[in-house]
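Let me begin by handing over the structure; questions about it come next.
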């Protein structure tokens, strides 16, 4: 007798009114298998996951059939799948930080699943939770609240809480978003061990590295449809679809290295950082850091998360004061010569002011020429009509390009880019970096870059400042 | 997301919300008293509840002494009946020397204080001397000394003062046991001689009393044995207490509440005229008011019956003269009544040289006829009457600004001379013989609560004669009183507006309630349960 | 994202908050003292007369009585000396002697504090029982019938002066139904109506706060996670919903205390409840400044005390606050 | 599930047209009617609100006099119209005179930080704990007569709310990336306040102001309750509530009128809010 597939999806579609947001989806995950959905945000992969969970917003409608562990239900009958939550299918949400109850200690959140979902007695549930936490090296965290955890720890806690009732199928939503290389490794290990315990995984990601490492089967999504499906290794090695090829090329691992900018060795540095140190409360972030940055240089700031990379950048910009040491700008630089590109472009604009107004204010303030901005925007391939929107009505990639244009308008000597693309899709990320490279070269502007992605640092930066100890 | 059957849970929460509203069930369950028609007042089933607006601001007789007197806890040497005639109380008889300078009061024997000690002349003397040493009624009599002489209390006077026995009926001259005072002479406990004694006292709001076995008299079954007084500031609340059956006697009800209670099946109303008059106290020395024509014009514009009907709900209370009919000796039915005639009022003002301006206000030689009427909120009807008067004076061309403050503004304004007009209510029954009160009000300098800046030689003389002349024939006294009333009526140093009727609500479960027109007692010792 | 490796320094957070409250208490005292001092000097009319009226009843106020009062209280002393004296006594917690009853203000307040505390604590309790429960139910179904009804009721309650609300309650529960005493303080259950009057006023608002918090919690990632983890709606609500709703509701209680303290003044008067608020009204009537000062001070300090309790409760319900993380 | 459903901007790009909801339109209509009543009511009614006809006291509503006569036989409609004009304009002034200084001080405290912020915050905390009655009493002590000082006194107690809200929100906003960006781009305080802070603060301030508005009128009635602020014959809604309270049984429409007017005003203000807020 054949074992039932862990998940079988037939002709699944998600509709908003008459408009199909996701359509013609059919795939199967064998028991213990792995299936990866690769695509950028907006491709419908998250909607697909929600449709399988039975968790779509009530404005959306769903067609087709979903079978979990052999039990087939019409996809539209979402509530019937609720009963299996935690027991037969589980979801590891993205941003595990937000998914944990902020007012409850870690152990209780894990034990809760044992007790309430798996119906273990209370004391045994606590014991099991302790054991599970220990297995992932989280014993210390048992009596902490989520806000005291790092992102990686929170993710492992969320995994345990999800996993505790022993659901054989787990849907994992963007598990590596915003994580650095070490943490990505941890996540991979976590998923592999889950698989080793016999779980079937449906992994939704835009991380090509993760998709490759997980193996199993893989599908690429674009505009709500699966454009390519096959064994992961095959698809990634020999993409058939044009979009898949582009997606793969956008992976920083496949970028060509940037040519080193021509910097005169005797050129005077635009900023000189001497022996700066900074503490956060009682905890020293870093100390004794020296850096001389010259015009046109590209310098990466590296170090483990929590090592104060953003703080260091802000000290260089003059936004924060160092506890010790000094930062000296080259004489003759305008006050606005140092600029910053933020991690979240949506947070970098006044939220209730239309973009055009924001930019107009800037042009007026510095008596600039709007024509220059127009030209910049054109080079960023931004439609002028976008400016009539509010910041949250513009996509992240577009907004980051507008932010870049705004910064370049100031003709800066140095740009501090703080995780400028960590919230963007690979293709958009590549785009933004290409534009950045082009303008840095033209303007002979220095770049201080913070990114968790070691590949980007390798390809882009000329040298690095290491804050880690 | 979809809601997997949250209905049951919502229902559970609703039920919980329901139980949240149930603390009074607990309160009722807590109730271990005897069953009664009002479940919640079981504690008060055999306790008579009296409510009034007055707070016990202290134990000293000069502060809340009147409350302990009303609840029949304390007594005075003498008392008056409902018609103002002197009655004996702790004193059995009294005599005055021929020259009127020595008064001798003989004390009743075998009376005991609530703590069981005997009422001795010395203990009485101590209370009288204490009262004499403080501001109060005794200070107006001109007492030289008080002493004990062979078991009687002897007052030696500087000059003859006929109303002295009436002064001794005042609650601030109440007699307390020596144990009531601490070493420094402050009252720390109320130990009186009345038919009720205090069982518990929580200042400033409430005290409970029960019948004092040592008072004497036969135990009549059904009489009220226990009672309590609760001070309730708002008239609305007192009315609601009666309506809900929580209170048995409620005093000082405002007219709207009276109307409400008239329709209520749970209360019976008692009414009694009090010797209290609401009048406009005028500064006759003020340049605008010195002219008697202006005063008369103001009097003519006052719609007394209208105010009485609309605001007091009792058209009979419109004051046709200063003294209400309940002051039998002073009210003169033959006196031509005060009239309402705005036309005549305008004519009088024209005659006095006040010409109507464009804004409807009169002026003379550049001076506007604008005055301030001061009143206070202690009696809730006063601001209302002041508002009505303000409009009526505006109709004849007098601009009036109403200032509502504290009752002390009146005597203070009187002393500083800044007062122009004040709307006040004066209790002439403060002392059962009004002569003493009138002497204060119409003395040569006027009085805090009486005339102000009024130059008249005749009235003070007449009053003086009434106060000292014990030997004058009654007919002469009657003529003097009538003359005083007539002069006040024509000169109008005070413009009477309305008289006053005390209304008391009683619950249906008591019998024998009556009102003391001198507000000295609630007469609870005469009440019985139905 | 900052990682905090040590265990929650919740106690330190609470301690700082309490120190802040202590400072607040001292400032309140000084502010009340200064205001009351100026009030004595600025109130129109003669202070001695006012006090005499309060003492002897207004029929008995005479100039002689006022003079006696003036002498007794030293009302004619120079300003500066009086202010210095005033401050000194206040800081020694000597609140002086009531000008109306001639008793030490402290003694009077001792007498009135307990009823007021009882009333306000019960009111707070009732409001927390009624408001948030209805709010949570309304928040479960935003735009539903209960949501609309509670919104309408809360608007009505906010437009109604509290004395009118009290009146309506008395008419219903005492006059019509006869199940609760209308006023007073020594009959069984007489605390219920005044407490309910205060509670309804507060519940009108806390209901909406809870409703909004519930809507927010229902849309939160952790609530959704609790459901996908396999908890039923009921379990998720009880285990994760209510506590997270409680945090903003309790925090808002701190704001509502203003309403409570002011409400006590009116409600105590209309229900003849012998507490601080009632005493304040009488002190205002009688212009009894030491008593105004004393009662205002106690009301202010009560506010501070309750606020400190709210702070502590918040820190325990929401550990982020205790650690000083949430602004 | 909301976490997983992060609507890409491409899905919802159609800019939501800023059309007013049904509730908002009802709110505006209600407020316009009330404002018209307050502005033109006195003129339309055309009766002197002080004119008393004692014989018509507590006369029930009729076609000619829709709200009847009050306890002194004055036209209730005329008094309500005049009272609405006075109370609503004074309430508006009191709300503004609390909101403007409160907001400015809150901005100042958040902007400057340091000791200035601490001093202001401590002072605000102390004022918050102060019974509001006391402040009003003090003000009446200084300037007796008139409703003005009373409303100003009320706003003296209310500014703290604005201060606290503005300070707390501004502190968070001032630390936000968009303000950081604005500073790096060379913008000064005026621009940051105008473009970054105020647009975020205004909805919250508006919420506070709405309830402050009703609160000011109710505070007047509370003052009337303790015998402060009675100024006959001027009609004022809050004082009317307390003056007409005794007649609740005989003539409930009298006390009902000012309460209903206040309720409608509050309702209008509530409906006006773009989304429902709690406090």
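Note that the chains take the letters A, B, C and D in the order they are written out, and that residue 1 is the start of every chain.
Everything that follows uses one rule, which is that contacts are C-beta pairs under 8 Å (C-beta built on N, C-alpha and C of every residue); 3 or more make two chains touch, one makes a residue touch a chain.
As the structure is a computational prediction, the values presented were derived from the model and not from experiment.
Comparing per-chain C-alpha centres with the mean over every protein C-alpha atom, the closest match is chain C. Of the two interfaces, B-D and C-D, the higher number of touching C-beta pairs belongs to C-D.
With centres taken as mean Cα positions, chain D sits 42 Å from chain B. Chain C and chain D, compared by their mean Cα positions, are separated by 21 Å. Inter-chain spacing, taken between the CA centroids of chain A and chain B, is 83 Å. Chain B and chain C have Cα centroids lying 36 Å from one another.
The multi-chain contact residues of chain B, meaning those touching 2 or more other chains, are 1, 4, 236, 377. Within chain D, the positions touching two or more other chains are listed as 1-3, 144, 227, 245, 248.
Residues of chain A in contact with two or more other chains: 53, 55, 57, 82, 91, 93, 95, 98-99. Chain contact summary for the complex, chain B toward chain D: residues 1, 235-236, 254-257, 259-260, 303, 306-307, 309-311, 377, 380, 383-384, 386-388, 390-392, 394, 401-404. Within the complex formed with chain B, the residues of chain D that make contact are 1-2, 50-52, 54-55, 57-58, 71-73, 144-145, 227, 230-233, 245-250. Touching chain D in their complex are the following residues of chain C: 20, 23-25, 27-28, 30-32, 35-36, 38-39, 42-44, 151, 155-156, 158-164, 167, 205, 208-209, 211-212, 219-221, 224-225, 227-228, 252, 255, 258, 261-262, 265-266, 269, 280-281, 284-285, 292, 296, 299-301, 303-304, 307, 327.
Here chain C touches chain A in the complex through residues 1-5, 7-8, 220-222, 224-231, 235, 239-240, 243-244, 247, 317-320, 323, 325, going by the rule given at the top. Only residues 1-6, 8-13, 15, 176-178, 180-187, 191, 195-196, 199-200 of chain D touch chain A when the two sit together in their complex.
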